Every structure is written in structure tokens, then in C-alpha cells.
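Note that chain A is present in both complexes that follow, paired respectively with chain B and with chain C.
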Partner chain A sequence: MANIRQITAIQSSAVLASTIIGVGVLALPLFAVKAADAGAPLVTLLGMALGYIGLYLITLLGIRFPNQSIVQYSEDIIGRWLAWVGSVAMIAFFAVITALGAREFGEVVVTSVLKNTPLEVTVVVMLALATISSRVNVTTFAYIHNFYFPLLLGPGFLIVALSMKNADMINLQPVWGNDPSGMVPGILTVAALFQGSFVMTLVIPAMRRPDRALQASFWGIFIAGSLYVSIVVAAVGVFGSEEIKHLLWPTLELAKATTLPANVLERLDAAFLAVWVTAVFTTLLSTNYLTIRMTTELFRLKDHNLFATFLLPVIFVMALIPKNIFQMYAVIERVGRIGLAITIAYPGLLFVVALIRKKRGKRPNENAMEPAR
Partner chain B sequence: MSMRSWGKSKGDRSQKAKQELSSPILERLAEMKVSGRLDDTIEAIEEAMQDDFDFVVRRFKAFGRFPAALLFLTSMTDQNAINQELMKPLMHKSSDLADAEIDSGQLHDMILNETLYHSNVGTECQLDVLVQGILRGESVLVVNELNTSFIVRTCHVDRRAIDQPATEQVIRGPREGFIEMLETNISLIRYRLQTPELKVRSMTIGRRSKSLVAVCFMEGVANPELLEEVERRLSVIDIDAVLDSGYLEQFIEDNHYSPFPQVQYTERPDKVAANLLEGRIAILVSGSPLALIVPAVFNQFYQTVEDYTERFLLMSAIRVARFIALVFSLVFPALYVSIISFNPELIPTEFAVAVAGGRAGVPFPAVIEVLIIEISMEVLREATIRLPQQVGGALSIVGVLVVGQAAVAAGFASPITVVIIALTTIGSFATPAYNAALALRLLRFPLIVMAGIFGLYGVMIGFILIANHLLSLKSFGVPYLAPLVPGSFQGMKDLVVRAPLSWMSERPSFLYPKDKARLSDAAMEEMKKQPHNALDPMNLNDQPKES
Partner chain C sequence: MKTRWNRLVKLAVPMLFLLPLMTGCWDRLEIEDRAVVLGVSIDKAGSNTGSDDVTNNQGTRERLSRDSIRVAVQIALPGRIPLGPGEGGGGTTNSQQTVWVIDVVGYSLDDAFMRLQQQVSSRIFFGHLRVIIMSEEIAKSGIDNVNDYFRRNSEVRRMAWLMIAKGEAMPLLKAAPKLERIPTLYLMSTLDEGINMGKFPQDYIGMFWSNASKKGQEGYLPYVALKKEQNVEIMGLAYFKGAHMMGKTKPLQIGGYMAIKGINPAGYRVFVRLSGSSRMVMTSTTHRDTKWKAAIRDGHPHFMITIVLEVNVEEKLDMEFNLHDEGVLREIQDVESKTATKMFGRLIRQTQEAGSDIFGFGEYIRAKKPGYWNAKVKTKEQWQEQYKEMTFDIKTFVNVRRVGMEAR
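Our next item is the complex of A and B:
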């Protein structure tokens, strides 16, 4: 029943966008402003462009090998042992990303809403949620993203729209920032937020028409990117770049500063954070699912459900390694840089080798996806 | 356990189970046949039917010379029909028969073709079939020297009148509801869909109840794969009795442990007809006034037939209200708990002060308070359903008004809590499907607990868990949240709002109907044209002038 390819292009865009939009949004304006103060929106835009290059490579590879995931076709391209090293690196990276995502959101929740709750509890709750939800097949995985997608965009753009009335255009000038020298590391940091787009490698083998994957990936990253850019614009416009440097999560402060018309809710930050649980959940689900599926493919396991449970304590322990928020953000930045090598350079290498060796997958067949359960 | 393996293990066991579940009396009779000797046959059947006070053996001489007997149950048969249509012609002495030589073959033909004034007569020689026939309310005619017996369908069981459906009332729409009799129920569907494409297949399920199950579908509309799967799932059911369609529902649903119903039930024949036309399949059981409809998706549970009979704009608004009520019944108390105990800064200050004032004397935290009131509300609701109608009204007044008021006055609960719980309960009653409302009402308790522990964050976690469960549910392969996920623009027209009928020219695509078109193109064209003003004074120039 479930082994036919049935994910549509719209669904894959939704998967991409809701994977990319995650907990990183809360700190994004701070990263961007640190790099190029008033030029933050430009940095975000360029970061998105860099992220798109990685996604573009993955999509091209996916279209070239429409029946296989990256673990499988990398073995065809560069040989079994080299590919094994690459796959293990990818698996480790996404396990770390999952851990850091859960930790970051756990910190946000503990700092701003549940002040008496231990950090471990919020982290483990998020991870357990992602683990339980990972016990599904790819089609249901896409349905889950499709369902939450409007729930992510709505509040995000609502906050932007409501806060725009307090924005001052002067805060956004000059567009390229006062000190363009910090641009490049800033772009790298922002591009790291788009690493979730790697999930496309799981989605393409289940797409009804893999040839439309390029469109899907463009729209996915465009939607997520425009939300990112508009949040940065709104945050910089409202607070100004100097003020943002003193805020840990400027997006949350933005939500705090806005009110709904007619005073329905006096403050929006707690409500925004509640809705943002879904955004964090979809991101964690994607990265966790990526880790699990790539591992099952690498070790050629039949069923990924059991493995999902075993992975939970490992990720939980990893999430608790950073000692505090500042160390955590330092780790996130460093891991993000390494991740760029994994999500952009490695697919780029695979693509070039595939071109040189003229490797190509079979045409999309009906039963390429996982066996029905 | 997946449906497939479940079906398989069931099949393996059926061989062994046969001895355990089946009726030993019938099995003993299975090898026996009607012999030419009348007394032997009667003795065998009487032995099977001994201790049954309503079992009657009427011995007589057919045409005045051939010994015969009529066997039937008085409680299940129409005595008048037996007297008039069987006994009277059989006992009539015909003068030209008096001396003629008649062999057994001729006698058989004569009785079947010339004597029995009844439209539904069969012949049978197997004794267990005869006994089963008697148990169904048929009359068995045994004649000496004949190796076959006649089974005449004389059954008559008292039935209640066709009535307004008690649980699915509408203001505009048909007023008929199903009753317990299967034939009547099928007739109610048949006269709504007078087309040869309406097919009713039957099977018998239940080793001891021998319940007749009818599977209704529209040929050329319903997907054959679906039909095959429904029949397969029904045919592997091996149970001693099917007392209601609810028994079948629990065997054919996809996920046995989900709180959400994956099969829709209804007591409205018009609803069954509408669903058959969409490409669904209806299952009726004798003895149950509720038809099952498969496959079911979530949006069916907040839709009513009235949505389609009344004007679309108004019914869309009402459907939105119903949807809000449904969401309310799930999350409202949980939101209240989390806002009161974790984020009171969200609500406007004046209101927060009022809430705090109301809660001033309440000794419990908000979770406990809400849980106590919720549970007592559930108890009240259950009590009002079970009580005789005469007392029910009194109880609801005492329970809801007096206890609610007194609880607030005693400082046991804050007035706003009572308001919230009342709204939630009313919201859950606004959901047309009782089983879906029940599922959401049950799930609200874990949500309240989550809200009490983690606040809004916990509510969201609970909501995500519920939503993910819904997203992974399937009913006969149809995703439970279709047509929202996976999205279908055609299906969205009938999701939260109800589009005009002319927009919904296709059957729901997630059911993969064979014939998609519902509305002819010509009719669509006609609706787009300017209406013709038949009574426009400009056109009516031969009208007598008013002076």
C-alpha cells in the first residue's frame, strides 16, 4: 500500500520549508547583526543563497539517482569505503544537529516560560516527541510536514506584519552594513541554518515525479528564506542593530514587543513560543529522521523503528554536553561550519565525480521506496 | 498488528474453531436427508427442536389422501398466511384427484406449481437447512413419499415503525431512520437510489446469531479494490454472534487501538445514499438500526446531511461554528489551565484581575479544579443518558444549575472554571458524530494534565502527538485527514466550508471512484447563464392592461 511514490512537489516544498524554519529563527537576527549590523538582511539573503547552492547540488544528485538516497548512491559514485566515511560523517552531523536543536529550544523554554522546570525535562520531552513521531514511513513523514506548514508561516509572518508599524527605515541603512568585512563569516553562519534542507535527499526517492524536485526545492527554500529575511528586517527595523546585539533571542523580543489589535492577548511571546513548538518539532523530526534513515540504509537494517528508540539516549546525552547557553552557541557555530563542508562540499564532490565517471541511476520506478509495512 | 497478519492468523484458526463455535445440533443433522418416510423426518426435526414451546407440527392429509405435515415456529411466522396460503389449498379435496394414480414426481410438481399460493417457495432435502429455515421463521412442508421438502417464506416478526432518527436530527431533510429489520433498511436505501447499479451483496456472519450482513455499493462508482477489501475483512470475521453493527466495526477498522473512529455509522438512509454515491460502501446488519460506512475520514465527523440541503453560505458558516466547537471541546480547558497557572500575562489585565478574584477562595491549583469539575461533568452527562426520561430533566437541572451554583458559592470552583467547562461540554455536543465527540472528549483529559505540568508548551506537545496520530491513521488506505493532507483542491471545497453544489462537480478523489463526474457539463453551463425572466413585464405584452 505504502510503497508507491506519492509525495507531490507541493508536499516536498512544505517538507523543506518546515524543516528549515526552526529554533534558529529565534537567534537569527543576532547572528546576522553581529556580522554586518545594518546589513543583516543582506547577510541573511546571501546566506540563503549559499544554502540554496547546497540544496541545488543535492537535488541535482537526487534527480540523477531518483531511486536512491545519498547513502546508497554515494557508494556507487565514490566506492563503498569512501562513501562509508562520508555517510558516517553525515549521520554523526545530523545526530549532533538534532541534539543541539533540542538543547537550544530547551534553553529558550526554560529561560522564558517554564522557569522552574529543569532543562533536562524540556530537552527530553522534545526529543521523545521527535523519536515517537519518527516511527513512520516517508509518506506520513511528508504528511506531517504538510500539516504543520501553515502553522509555522502564519505566526511568523503575523509577528512581522504587526511589528512593522514600529519599524524605522533608518535602522536598515546602509543596506550593506557599516563594516562589510564581517560579511563572509556571517553568511556562513546563516547558511548553516539552512542545513535542514538536506532532508531533500530522503524525499526525492519517494516523490511521484522526481523531475519536479528542482522546482520544489526552489520554492521550499524561497518560502523559508523570505520568512527569515522578513524577520531580520522586522527585528532590525524595530530595535536597530546596536540594540539587537544585547538581545539573546531578538525574534522572541519582537514577539514580546508586538500586540494584537483589540488587545485580545496582552502579550504574544508565550503564545508565539507555544506555536513555535511545532516549528522546532518539524525540524527535530527531520534531522532525527535523517539520522535514523541514513543509519538504517548504511547498515542495511530492515526496520528503523527500533533503532529510533536506541538513538534517543545518545542524542539526549549529546544535548546536555554544552555547559551553558554561551558555550552552546559557540558549539552551534562551530558545528555549523563543519556542517557546511558536509552538506555543500561533500554533495559537490559527489556530483563532480558522478559527472566525470558518468554515473547515473535508473529511471524512476514505481517501487523504489521502502517496502510497505 | 497489521490488518494482513490479523486476517491470516484468523484464517488459520478457523479450522479448529469450527468445532468450538458451531451449533452441535445442526452439525448432527448435517449428514441427514429427508427420507421418503414422513415419520422419520418429523422425528428427526422434533428431536432437534425439542423443548421449544412455540414449535408446531401440523399433520394433515394433502388433497385428502397424502399424509403430510407442516412445521413452523408460531412466534416467527404469519399465522394468517399459513392458514390461507398453505393449509387451505393443500387440504382442498379435488374431485378429479380422488382416484387418479399419482406418483411421487407428479405430486411434487403439483404441490409446487399448482397448490402453494405463495411467491417464495424453495425445495430442500438437507435436514439442517430445514431446521435453519424453521428458525428463520419459514414453514417447512414435509410430504410422505417425497424426498424433498418445501420451504415457504412465511416469516413475520413484529417491527417498530420507521421513525425520526433519534441521534441525527435535521431541520431540513428527510425524516426517516433505519430500524432493526434489514429488509426494511434496504428498501429505504433502494427507493432513494432506483438504479440497477445499486448492488446489495449479502453474507451470514456469526456462528450462532446467523446475522445477515448486507454490503451495499454503487457499481461503477465504488472502487472494486475497496469492495474486495471490505468483503475480505468481513469474511474473515468468525464470532459467535453479531448483535450490532458495532461488533463488525471493531473487526474491520484499521487501527484497533486508536481512540478515533475509522468507520462512520449512521441511522439515516439518505446519508447512506449520499455516501454510496460518493463511492463509499455501506454495511448493514440485521438487528441493528445503524449502517456502517467505509472508508471514513475525519472531516465526515463534523458534517451533517443538512449541510447539503440548506443554502451553502449559511451552512458553511454553521459548519465553521461546528468545527470551532469541535476544537474547543478538545483544547479549551487545557488552554485555560495553562494560561491561568503559567501565563496569566497573556490575557488582558482587567480580565486577569477578575479571574484572580474569582479564584481567590479556591484551595486547589487550576489543574485539579478543572479536572474535578470535568470529571463531575462527565458523570452528570452519563447519568442523564442512563436515567429514564421522566427523571432526566430534573437531574440535569439539579446537576447543572444547582450543583454548579453551589460549587461556586462554596468556594469549591471559580465561576470562570464553571463557564469554561460548560462551554467545552456544549461544544462537544455540537459535534454531530457521537463517537468522534467521545474521542475528543477523552483526549482532553491528557491535554489538561499536560497543561498542568508544562503550560502552553505541554498543550502544544499534546496537540502535536494527537495530530501526528491522526496523520498516520488510515481507513482502508485513505489518509484520515484527507482531503486536507494530502491536499486536494477539489476536496477542500467540502472541508471546512461547503461550496455550492455546482462547484463540486466531481466525487471525492481520495476514494478513487470509477466514475468521477457528478454533475453534467450541460447543467453547469446552464447555471452560468443569465436566468430567463419568465415574468418580466417587458416580455408579457399580451397581458390584459390594468385600467
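Our next item is the complex of A and C:
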């Protein structure tokens, strides 16, 4: 028990950022452009702000109850049975998110790279990897994220930087878009891409200094958000908003149109996909881990490892439900909206009730803390 | 001991299952099993074909209600393409030895490629497709099918060139230019080098698509023709309205287009005729700098275009006068700016008549005057109409900077 609180603030930022950056990047410019054509970067920025509200609430709650995760402290706040309903909803939501993430991954791979590989295989491989990697404790979980974090960020920003030379500023004006009527639904859709930040609720109880969680969550979402915004800026700048409406995965198309100078690589899509697979893996790992850990806590199981294996077929079957790619995106959008209620409204409710009822968790136990400075 | 075995088995079982799956062997395709398509040409099949294929499908043809097209592909022969300069000891520049041109007739691109696949043993692979050539006739009747097919196909790169051929497109694929071992690479380098020399703006297929999609802009493509020695001339810009080619420009007007857009480097040369009977010089533009300013005047968009050209004198056709004479350079500047202004104006008016805004004036209005755009324009069709009403002022400034190595 002595070394259970090991995660530093920087590490938790990395966990957040690499969780958020996931399957969604590929379709993100399309979502944003559909909302407000040239105003797509603004939509992304506002979506990120909305996502941050949810994360902020989670972090505040986490600081208030530094030894517990949301499943545990919600029982203290609103009572066991109400909390049970909330927790089941969260668990179901993250299970579905994992399934949809794996499916979206499979669809991209089948359409663009491995055309003859059965979809089931790509999905099950990804889920199996996530499941195997989920059989670890939070500290190892954070290390896995930390290990991949630079691999995600570097190439992501590299593609943005290289493609910006083809960008035309005219495409990005006016900044609020010509037809901002779809702005609000667009913001909600983009905010849904930031829902992975919920993983913070698992990280805080293992943080060495939970009081620094607020900084960690800000930087986590800031890093992921700035990658998102710059990808949208680059995509809209290079293609123009109308062309993006023709493209299912504009980010992939952007990588395809980007060359490494001096004819080193004439198209970066293969390199980008390799990075993106890692990004998908870290995201699936997080949502899967969330599902598993919350379930073990809800049923007060001792060990989550066995449960991880049992969850795999359930998620796999869910992943195969959508009939085609359009239906899949419709489902993703709808689930994302519902998810906003779970990841923003529910923590908000918990926080308000906790304030009113003046509930507060124990301080982090003394012996696990760092020596006083 | 028991626990150790346990761990080993636990680790080995998932690995045994996962490893074969992770190799991705379903999509294993050896390089010699691929038919690497380097170039595609698309022609109308109507008059010049034997008609076997066409008549056999009378029923389908009626239902499709469209003309059939002749699609030719240039397939690289694996192992025949010499890598690097030293190989083969020269003499292998015949295109027949490095590539294989096959043509088929179909009702649409995918139809044609399917028929082609039926005739070719290896799998057709578009990952290295560099050049797509269409005949002018096809371009005029609309290229939605071409746009859709190549955008949908995930192997095609956005850096390929789409071009319009004067007359038939297939001869360009069959041509064997001497400079490159592979004909399509020669076509491609004609345009790529054109960009470097300031003869042509960057206009890859992806950029064409982006421009054609924009509400306030239309796409344009290089217009090329095969010359006598199997070389290729860039004959102008083919400008589009939506998916239909509306017309073409002259070669020098490409320079005009680039000047109006302010695209560098600049590389066109023009005659400047000074006052007097035969006082002529040839100048070459080296740099262009362009500023646009939009205003709404009498309910119509109005553009003020300021173009600054940096120019070198390259040739003087008359020894009677000297360049360092008083006022000669100034006269060159005045005359050239006047003729250039006229030429730019003509080019814009020519595209206005066609309703084809290849410059993106509409996009500029959309970006800078969103109030006007949202109230009056909104759609692509509306802009195509309004573009005809657009007014503009062009101011051209020419600066002669250098005269070469000759002092007079």
C-alpha cells in the first residue's frame, strides 16, 4: 500500500491527452465543418471548452475526495441506490464508447488499408490488446500512456506543420463561419470527443499530489485540444470547408496530401495511420479500463483482471451491431450526446449536492505522501 | 513451480491467438502480383471504336443513358524499369519496354476498370497513379464520374495530376518522350518543372477538387497537347464551371492568371513594343506581388487588384536604341504595364463570360464580406451568376530591374 500514490501531475496530463486523442481525430474536421463551415476551428475550440467543463467538475470532485473514485464517492454524496443507477449508466456508457471506438477503428482500417482483412479481426485484435493491457494497476496504466504519449503528439503536430504550407487563409475566414446555425449541435459533437477525460477520476486517487490535479487536467485537455484545433485549422486551411464535406476522414486525406520535404515521403498517410493506431489503442485502453475499474468498484470485487476478460466478448458483440458506416456515425453522435449528460451533467449534480451536503473525503493518507518540502 | 507454469500458459495462449491475426496477412500482395498503374487516359468511345463492346450492351447502355468511354491505363512492368542512371547501359528508353498500355471501353470508370481487371492477371493498383489525362470532349461533357471515382478510391493520391488533352488523350499515354524512361513521369515532370520555372501554378488533383468544391471558386486544369517529337506542350488553362469544362486560355494567359493570383515564381516572357516602328524588347517576369481589395459598389462586388511585376530585359531586337538611354526603361515599364493590364482584364472577362471564377473572387467575398455573401450569394450557383456582374479595376506596376550582361 505504501507506494500506491505514484502518479505525478505531468504523468496525469499525459494520460489525459493520450486518452482524448483517439479515433475521433479522423472525422473531427468533418464534424466541425458541418457545424459552421469556415468557423470549424472555433467550433472545435468551443467544444474543447465544453469538454473542459466536464473535466473541471470531475477534477474538483476528485480533489474533494482524493482517495476515492467517482463510483465510491457518489455513494457518499447521493446515497447508495441513486449512485448505483448513476454508476451503471457510466459503466454502460464507457462500454459502448469502447465498442464504438473499436468499430470506427475497424471501419477505417478496412476501408483504407487492409481491405481484405475481415472487420471482426481488426476489431477483436484491438479489443484484445486493450483487454490484456487493462490487467494492470493504475500506475502501470499511467506508464503505458506516458510511453506512447510523445509518439502521438510529435507526428500529429508534424503533419499539421508540414501541411500548413499549402493552407490558404481565405479558407479560414470568416472565423465564425458563413452559416453558424449548426454551431450548437456541432459543439456538442466535438465536446463528445473529449469524453475520455473522464479517466481522471481513476487517476486522482493514485496521484501523489491530488491538489495539483487541476493543473494536470488543464494541461491535459490543453495539449489534446490544441492538437485538435490545429488539425482542424490545417484541414480547413488546405481543403476549404466545402471540400471537407466530400471527405469521410479529412484528417487522413490531409496526411495523404502532405509530403515530407525533399521527396523523402510523398504521402504521409501510412505513417499517420501507424501513429493513429497507437492513439486508438491508448483511447480504447482508457475507456476499457474505466469500464472495468468502475464495475469492480461497483460490485466491490477484489481484482479486476478476471472481469476484464469477461467483458471482452460483450464489447466485441456491441461493436458489431452498427450495420454500415453512416449508421455507425449516427450512433456515435447520439451516444456522444447522451454521454455529455453522463460526463458533464452528472458530475455537476454530484458536485452541487456535495457542496450543499458539505460532504468531503479524507485527506490523502500521510505515509503515502511525499516528505514535506 | 505451478504458478510459473500458470503465468507462462496465460501469456502463451493469447499470444498464440493474437500473433497470427496481427500480421495482417489477408492483405498480403506481393509486388510482382500488382499491376501498378502509372497513368490513366479517358476518351469518348463513341466514334473511334469498333463497337463490339458497345453494341453488346445495348440494354445497359439505354439504362445508363450515357456515352461509353475508352479508358487506357499505363502499367509499369515490374523489373523493366531501370532504377538509377547506370543500369542497362543506355538504349532502353523505349516506352514499349518499360510500360504496357492497355485500353478498354466501359460506361463508367469503374466499369472500365472492372473490364480491364478481367483482362489483366495481376491486381490493378492505383497507389502510384501520377497522371490522369482526359480528352477535351470528356471534360466538356462533365467529369463528375472522374471526380467521384478517384476521390472514393483510397489508393489514389491527391498529388496526382489531372490534365486535359487537346484532341485524344490516349496518344499521350503511348508517347515515348526521350527524356524520361517512363512516359507518365515525363508528363508529370513537364508540369512539376513548370511549377519550378513559373510556367504553371500548383494544381494537383486534390487542389482542383478543393477549388471546384468551393462555393466562390471554380477549378482549372492544365491543357496539354502532344507535339511532333512526342514532347508535351502546356497550351493553357482549361477552366471549369462545376464539373464542366467551359473553355481554355492561351499559354501566356497562364502567366496572366498567376499574376492576378500573385503566384511565384514567375516565368513568362513577353514582347514589349515601344513607340516607333520596330523598337522591340523581350522581357521576362521574375516576381509578382498582388493585392486584392474587395468592396461592394452599387450592390455588386467590386475588386481593386494591384499587381506589381519585377521584370528583366532579356532581348532587344533593334540596335538603333540603347537601354540606358534616357527614359527607355521607363517606357518599357509604362508600355508593359498598360498591355499587361489589358491582358489581365481580358482574361477575367473571358472567365466571367463563362461564369467560371477560377481566381476565387467569390471566396474572397465570402471570407472578407460575409455580410454581403450571406445576404446575396450563399450558393455556388448564385455566385456563378453574380460573377458575371462583378466589376474590377486592375493597376499594374512594372519595375525593370536588370538587363542581363550587355551594357547597352
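We adopt the following convention: the second predicted complex is superposed on the first by the 362 of 373 C-alpha atoms of A that agree within 3 Å, B and C clash if a C-alpha of one lies under 4 Å from a C-alpha of the other, contacts with A are read in each partner's own complex, and residues count from 1 in each chain.
FYI, contacts are C-beta pairs under 8 Å (C-beta built on N, C-alpha and C of every residue); 3 or more make two chains touch, one makes a residue touch a chain.
Please read these numbers as outputs of a predicted model, since none were measured by experiment.
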Q. Of the two partner chains, chain B (first) and chain C (second), which one does A:8 touch, if any: first, second, both, or neither?
A. first
Q. Just chain B (first), just chain C (second), both, or neither: which does A:266 touch?
A. both
Q: Name the contact category of A:114: first (chain B only), second (chain C only), both, or neither.
A: both
**Q.** chain B versus chain C as contact partner of A:170, first or second or both or neither
**A.** second
Q: Considering only touches as defined above, state whether A:353 meets chain B (first), chain C (second), both or neither.
A: neither
Q: Based on the superposed arrangement, let me know which partner A:246 touches: chain B (first), chain C (second), both, or neither?
A: second
Q. Touching A:338, do we find chain B (first), chain C (second), both, or neither?
A. neither
Q: Could you tell me if A:125 is touching chain B, chain C, both of them or neither one (first, second, both, neither)?
A: both
Q. Both chain B and chain C contact which residues of chain A?
A. 113-114, 117, 125, 129, 132, 266-267
Q.
Per the contact definition, I'd like the list of chain C residues that touch chain A in the complex.
A. 14, 17-18, 21-22, 24, 26-27, 151, 154, 157-159, 206-207, 209-211, 213-215, 360, 363-364, 366-368, 370, 373-374, 378
Q) Within the complex, which stretch of chain A touches chain B? A) 1, 6, 8, 10-11, 109, 113-114, 117, 122, 125, 129, 132-133, 136, 140, 143-144, 146-148, 263-267, 270-271, 273-275, 277-278, 281, 373
Q | Parts of chain B lying in touch with chain A, wherever the complex brings them together | A | 2, 342-343, 345-349, 454-457, 459-461, 464-465, 467-468, 471-472, 477, 479, 481, 484-487
Q: Could you pull out which chain A residues touch chain C in their complex?
A: 38, 111-118, 121, 124-125, 128-129, 132, 166, 170-174, 178-179, 238-240, 242-243, 245-247, 253, 256-257, 259, 266-267
